[in-house]
Amino acid sequence: MIAEITTIVIPLILLLGTILSYFTRYDGKTKASLTLIYLIVVCWSIYVTYLVYTGNVIVAFGEEFRVDSLSALYLILVSSIFMMCLLYSYDYMEQYVENFGLNKATLKSYYSMLTITFLTLYVMSISNNAFILWVFVEATTLTTVLLVGYGRSENSLEASWKYILLCVVGLTSALYGTSLIYSYIFNVTGDPYKGLLFTSIGKYISSVEYETSTFALLMIVIGYGVKAGIVPVHWWLPDAYSEAPSPISAVLSSVVTGCGFYAIFRWFTILSPPIYDSFKPVFLAIGIASIFIGSLSIIGQTDLKRALAYSSITNMGVIALAMAYPPLGIAYAIMHLFNHSLLKATTFLATGNLEHVYGRRNSLHGVIADSPVLGFTAIASVIALEGSPPFSMFYSVLGVALAIGDIAITLIYLIGLFIGFIALTYMFIETIWGEKVNRNMKNKCPRLMVLTPLLLLTLTAILGLYISPLANMCWRCVPR
Amino acid sequence: MLEIIFALFTLAALLGAFSPSKRWGHRISCMLSLFASLLLLDVSIQALEGSPITLKLLQGIIVLPLEMDMLSAFFSMVFGIVFTIVSLYSLKYIEEGYTDRGSGLRIHALCLPIFMASMVAVILVRSGFWLIFAWELMSLSSFILVVYEHKRQDVRNAGLIYFAMSHAAAALLIVVVLTLASHTSPLSFLYSSLSSAYKSLDPHVAMCLAILFTIAMGIKSGVVPLHFWLPRAHPAAPSNISALLSGIMVKTSIFLLLYFTTKIFYPAIEIGALILVLGILSILIGCLYAVPQNDCKVLLAYSTIGHIGYIWLALGAGLMIYAYSGQFALYASLLISAGLFHLMNHAFFKSLLFMVTGNVILKTETRDMDILGGLGKAMPFTSFIAMIGILSLIGLPIFNGFASKWMIYVTGISSPAMDHLTMLIHLGVALALFGGTLTAIYSIKFYSEIFTGQSRVKVAKGDVSPIITVPEAVLAIACIVFGIFPGAALSVIFKPVSTLIPEISVYTLAEGVKFYLSLLVIPSTMPLTSVCFTLLAVFIPIAFGILYALAHPLKTRVEAPWLGGYKFDIHEIKFPASSLYAGFEKLVSPLYRVKFPTVKVRYPEPNADKVLVSPWVKLGAFLGEVKRIQVGRVQVYVGVLFILLIIVLVARVLG
Amino acid sequence: MSVEIITIVSTILGIAVTVLLPPLYDGIHRKIRARIHCRVGPPIMQTWYDILKLMVKQDVIPETASKTFLYAPSISLAYLLLAAAMIPIVYWRTVFDFTCDIILVIYLLSSATVFLTLGSLGSGNIFAVEGARRELMIAILTELTVIFSFIAIAIRFNAIKFSSIFFQAMETYPAISSIVASLLLISCAYIEGFKLPFELPEAEPEIAGGSVIEYSGRRLALFKLSIFMKQFLLIAIAVNVIEPWSLSNPMLGLIITIVKVSIVYIVFAIWEPLFGRFRVYEALRSLLILCALSIIAVILSLIGV
Amino acid sequence: MVALEHVITPIAACMILTAFLIVELRRLKYSAYSYIVQSTLLVSIFLSIAVLAPEPHFYAWSISAFITKVVIVPWLIIHTINKLKAEEEEEPMVPPILSILIDIALIAIGFWLGSTLPLPITEPGFKICMGVSFSLFFMGIYGMTGRSCAIKQTICLCHIENGIHLMLAVLAYASPVTVDIGILTDAVVAIAIMLYLSTLIKKVTGSLSIYRMSSLRW
């Protein structure tokens, strides 16, 4: 029963939401029903997560769909962030379309695309099929690309073009790797389903020739890496993040980018040590490269959202670096993904508030004098994002260092983080504090928009003070 | 008890931040902090009397063990005293001085208790994980407090540099703790496990870790050449926060240094020598740079660097001697005691002086000694307290600064023969003595430029509110009491030291101190050759009393000062602080690398900026150009991806 | 007579000498200087007469004066008296005999300077401030010299308390390092006595008395006495290090010390008229030579010469 | 029975030829027509495998490929071209001679990879298919890098999709039909979205040149 609801009813409900929002008039009723739909999904995700936390695994359609700890974590992450972004979008998008001279009625397509993105991410996270996973990772790109270009301005179109081109081309590499492994396992076992499901790939992958499997996995890493935004294939990320509407930036930076790493986790948590070990140098290299390129690129930025986007690259690098140190590293990588998603979404929403209020994203000063709450939220979320206690990011930043356990690499890792930290903090200090230069608050910030980032921030603070459930879940994702 | 203290601090923060009236919230926050500090003091005194407290909160890997052993208890005692005073002081100070700020009071009410609690936590936790937690929290909360007046660009810059430096220290601390933790099995962050992990490490790695740790602590202590944040952050902060930063926060790192080098690492001569050399450098640079400053808080900040140098000198020498040979443990423990004693005294008089500066700022709203002056008449009580403060700072006999400095000199000079190492210690002592002279010079400048002479700012008569001055008076009394009865303090300090250096018992220390430092303790029998410090303390006041009575004039007449017959407006001929020691400054200007006489407001230490800050900023800006690989053409991006794929495929085919 | 009683007596004797003799030496100084100037000059007791006269005069206090102005002379004199009690002037040990008393003495001597300048600064007179700052700047460098000289002596005799230094000095021959250090101490004493060319803080023609400009009456007497005493104490230490053998007996020590110090003062008096006043920066720069010499003294003592 | 590889080789040769045409033809419509030809050839490869191998799975593959690649995608492309009245592509970034040389080099690399890359297939016809697939893939990506026109880039993407589809069919022909449907749906949707974006770009910037769109950088 639970399996059916999880795999059929909830996606259907989301599909209903998509259709409903597209074909009905954009008004209060639609908003309410959408909120209700999202709420149902959130509640169900929480329930499913609870079930998984207590030791159950939800399986449906002959293991085509399977909710284990990793899925549950991602599920709850996705649903909470979408809920917040939906609530945030109501007020934000109305102003946004006004700014770009669009009709308010077109917003129905926005909500419909948002919901279908939710659907794709939902299905992706419960899928146990390697190909279906790929299909839905690709689908997240396709559903979000029009959202990135929602403003229909030259910049946003440019960003979305880069986004779709790079992701679609890059992801083919992952498809190639997946098919290669499938083909080998099919040849060995003769069963068309053995090479399909992660649970059985894990059993048979050792029968695949070592060189081939590492090659195929390398292709997978590159492919999903494009999605995850790790150096050297991170190009689309700063553009798309900075040009998208803020709730979409939040979704992109947290769960959509995260799904690249989700797929990598899926693949790498089923591997046995000899294959995994050959990937340590790869993860180490891309991790360090991403950390440094991300951090250094923040220096001298003026656009807040662009700086945050580069910070995402840094954090993706942290995750990649952590992957180089299994098994502890994987657990902390998952935890870092979770924390980073929550906090990056918070930060983008908080920055979105500033954008909403002042109508621009650069050369702001003295925000806190205009609105203490907005200023506090922005600065607190940035500081939390950099791994200060008592927020949950602190644990994963430390945990990654713990997993590394080597002086030189730890030092490099921390130096990289440090650079990004200083650069980003500097930007936000200058923005939030200081003498007020811009006296023209264009808009008031609606209460819901103020509340959503604060709510997420509180959530991470609570997580930070009571980390053990998250830690347990992350630890359970790692094969022993 | 400990959890109650932390709970009180937390409650103070929450009530302060979220109470409906921000003024009352602030008051409640300060009062609760006061109670918590008093409780801390009480607990620490109990612990010093022999009932150490251990406590374990939470479970699993992140178990939170709190322990108040002798060393922590000693630090807690110092912290408790200063916290009590500062909480009381903040109550009125922030309200009076910083009323125009919107959410400032709330931020202050939120962060002050957190700052205090995190500093206490740093010295009480016994788990590396929670150490980092508390450390980061300390950096964060203090950063927010430092940029309290964030509208000013210099304050923000100072705050950022401070935050960056404390984060750098945290990063190094993380490296050390987590590298150690990753060598424990099963995984554990407890200090005991870290200690055994350290002992199992390769000696080179171990040495590397110890050096990294020392550097981390050096950053937080502000020893030269890692000090450049300190003369910015201290002046930028409100005075009560400066008092906490200078009086307490820099001491947390000294606690960790002492604790880690003795209990977790094994003693190493190199580390001791490193600490010693950093200490000597700090004394020299700190004192030299304090002399030309005309901003009184910058002056005090440099003075802090100098005094931290004294403490590091003593601890470094002690650790070095201890590592050299266990048979010199007595010397080592005496040096460490001297260092701890100076630490305590410095906490008292430096926070006192910063609070006094706060009084001055409240009245005049300036820190510029060029235009200050003559406040002795307007604020008699403040000036009296300031006098006690600077006499302690200089270390004149019968004030506490003397007792501890003298103990450092004596134990340093009488350290046993250890090849070249002894010479290093002796050199350190000689330079420390010279530093003492410089201390006198800048202290006199501080006092005389603020409290004597004439002022260019108009000051209303009447001292600041007694809620502000009475706490200061308490500290001033403490300065004198510990100056006259250093034995009382030492008997407390010996307990932690004897737990650090197990060869030496409290009794041996007391005997040693009687032998080497007959001046400081009250011996049970008083042979002629061993005159106690109290006698000294009695001699000077009596002599003074007699002489004062002698000097008391038969008849007094009050006249205008004689200015060579000219009629000046007295306010126009104030001697500016920035040229008070112009000749000397010119003489040593190669050391400063600045032109003298120079501009009105002197930035702290252009040298350090040139050498220590700007290269990094330039390097950062240069490396930041890396972002130009983001060329903006999608063709290039796809091309990179293309080449990457071809490389991987071809590499696969070729094996 | 037991050692204790000798010690007590010699300590009291030392204090008495320190209080009584310096004004007398100043008188000698003035007399000799006058003779060199082809003047008759005041009687040798003139400085004492001046002090006694000041003791009965009315005190004029500037309205800008702060409390430090009032207390400073007495406090500095108190510190110097304690120093006098601790320095072996006529006998190789004193009542206050403990480890590392030399550092305490350094501190006591500089405390006197600190309070004297605080007193001047407290007067609120710009000339006094000028005098005090000159005094302080000179003091930085002379203190450095004094510290290093003391350290050179301490290293030479491998002891850090006066009694053992003098005890050993009586047993051994004088070394170059300790003699250099002593000569440096004497030079510092000369400078601290504000004699030409270092008469900067008081500089009558220029800043009208400088640091003492506002002092009058009894306070002026104490102030003057403090300066004399500090100078005397430094000289006493130095000459005793050069010639320590007379310290074995207090009576002999008393006589010989007076003779030795007299010689030094006579040299001072002959030396002084040769110079005009330095400018401040010149004075400071020339003091650097002393600092360098003191470091050389330390190095000499380290290599055992 | 005719050996599979004998049937596939000429078809493969034709596909390479169409690939040339797709990438090099300056007129967008001709490019699109060549694409239709190529897709038809792709379907014929599937059919010939289905008949000759014999692998019944490939009937499904050929049907799905026909529907999407021969019918839907070309219709979308030609419709957009008509709507935007885009005759010629925007100025290419590589001179034609060099471009042809690069094409040849890429085809060589593709075939070399297809023949030497260790794969779990033994059938020589499949190996040729792999070579074709790599060549299509590389030329498609090259087309994206070397061309500036938005629609041309989209056609190149379709081209890549053809290569991928061929590769998928060879390697994972046994997989359930849902996988195939999912992947094809993605492909079609991606192309539709790109075409939609192209129209938007034309509307907003007045041209289809992607090369000019480089205001977002560092």
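Every chain is named by a letter (A, B, C and D) in the order it is written, and numbering of its residues begins at 1.
Assume a contact is a pair of C-beta atoms (placed from the backbone, for glycine too) under 8 Å apart; a residue touches a chain by one contact, two chains touch by 3 or more.
Since this is a predicted model, take the numbers as computed values, not measurements.
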Max contacts between which two chains? B-C
Measuring from CA centroids, which chain ends up nearest the centre of the complete protein set? B
Which whole number of Å gives the spacing of the CA centres of chain A and chain D? 31
Taking each chain's centre as the mean of its CA atoms, how far is chain B from chain C in angstrom? 36
In whole angstrom, what separates the CA-based centres of chain C and chain D? 100
Distance-wise, how many Å sit between the C-alpha centres of chain A and chain C, to the nearest whole number? 78
Per-residue multi-chain contacts in chain B, two or more chains: 627, 629-630, 634, 638, 641, 645, 652
So chain A residues touching two or more other chains come to 161-162, 165, 169, 211, 238, 297
Chain C: which residues touch two or more other chains? none
What is the complete set of touching chain pairs? A-B, A-D, B-C, B-D
Could you pull out which chain C residues touch chain B in their complex? 4, 7-8, 56-69, 71, 73-75, 77-79, 81-82, 85, 95-100, 103-104, 106-108, 110-111, 113-114, 117-118, 121-127, 129-130, 132-134, 136-137, 139-141, 143-144, 147-148, 151, 154-155, 160, 208, 213-214, 217-219, 221-222, 280-281, 284-285, 288, 298, 302
How about chain B: which of its residues touch chain C in the complex? 374, 376-377, 380, 383-384, 387, 394-397, 402, 406, 409-410, 413-414, 423, 426, 430, 433-434, 436-438, 440-441, 444, 447-448, 451-454, 515-519, 528-531, 536, 539-541, 543-544, 547-548, 550-564, 568, 570, 573-575, 580-581, 583-584, 586-587
In their shared complex, at which residues does chain B touch chain A? 60, 62, 102-103, 129, 132-133, 136-137, 139-140, 147, 150-153, 156, 159-160, 163-164, 167-168, 171-172, 174-175, 178-179, 181-183, 187, 205, 208-209, 212, 620-621, 623-624, 626-627, 629-630, 634, 637-638, 640-641, 644-645, 648, 652, 655
Seen from chain D, its contact residues with chain A in the complex are 118-121, 137, 141, 144, 150, 153, 157, 160, 164, 167-168, 171-172, 174-176, 178-179, 182-183, 185-186, 189-190, 193-194, 196-197, 200-201, 204-205, 210, 213-216, 218
If you look only at chain A, which of its residues touch chain D in the complex? 129, 131-132, 134-135, 138-139, 141-142, 145-146, 149, 152-155, 157-162, 164-165, 168-169, 172, 175-176, 179-180, 182-184, 186-187, 192-193, 196, 209, 211-212, 238-239, 242-243, 297
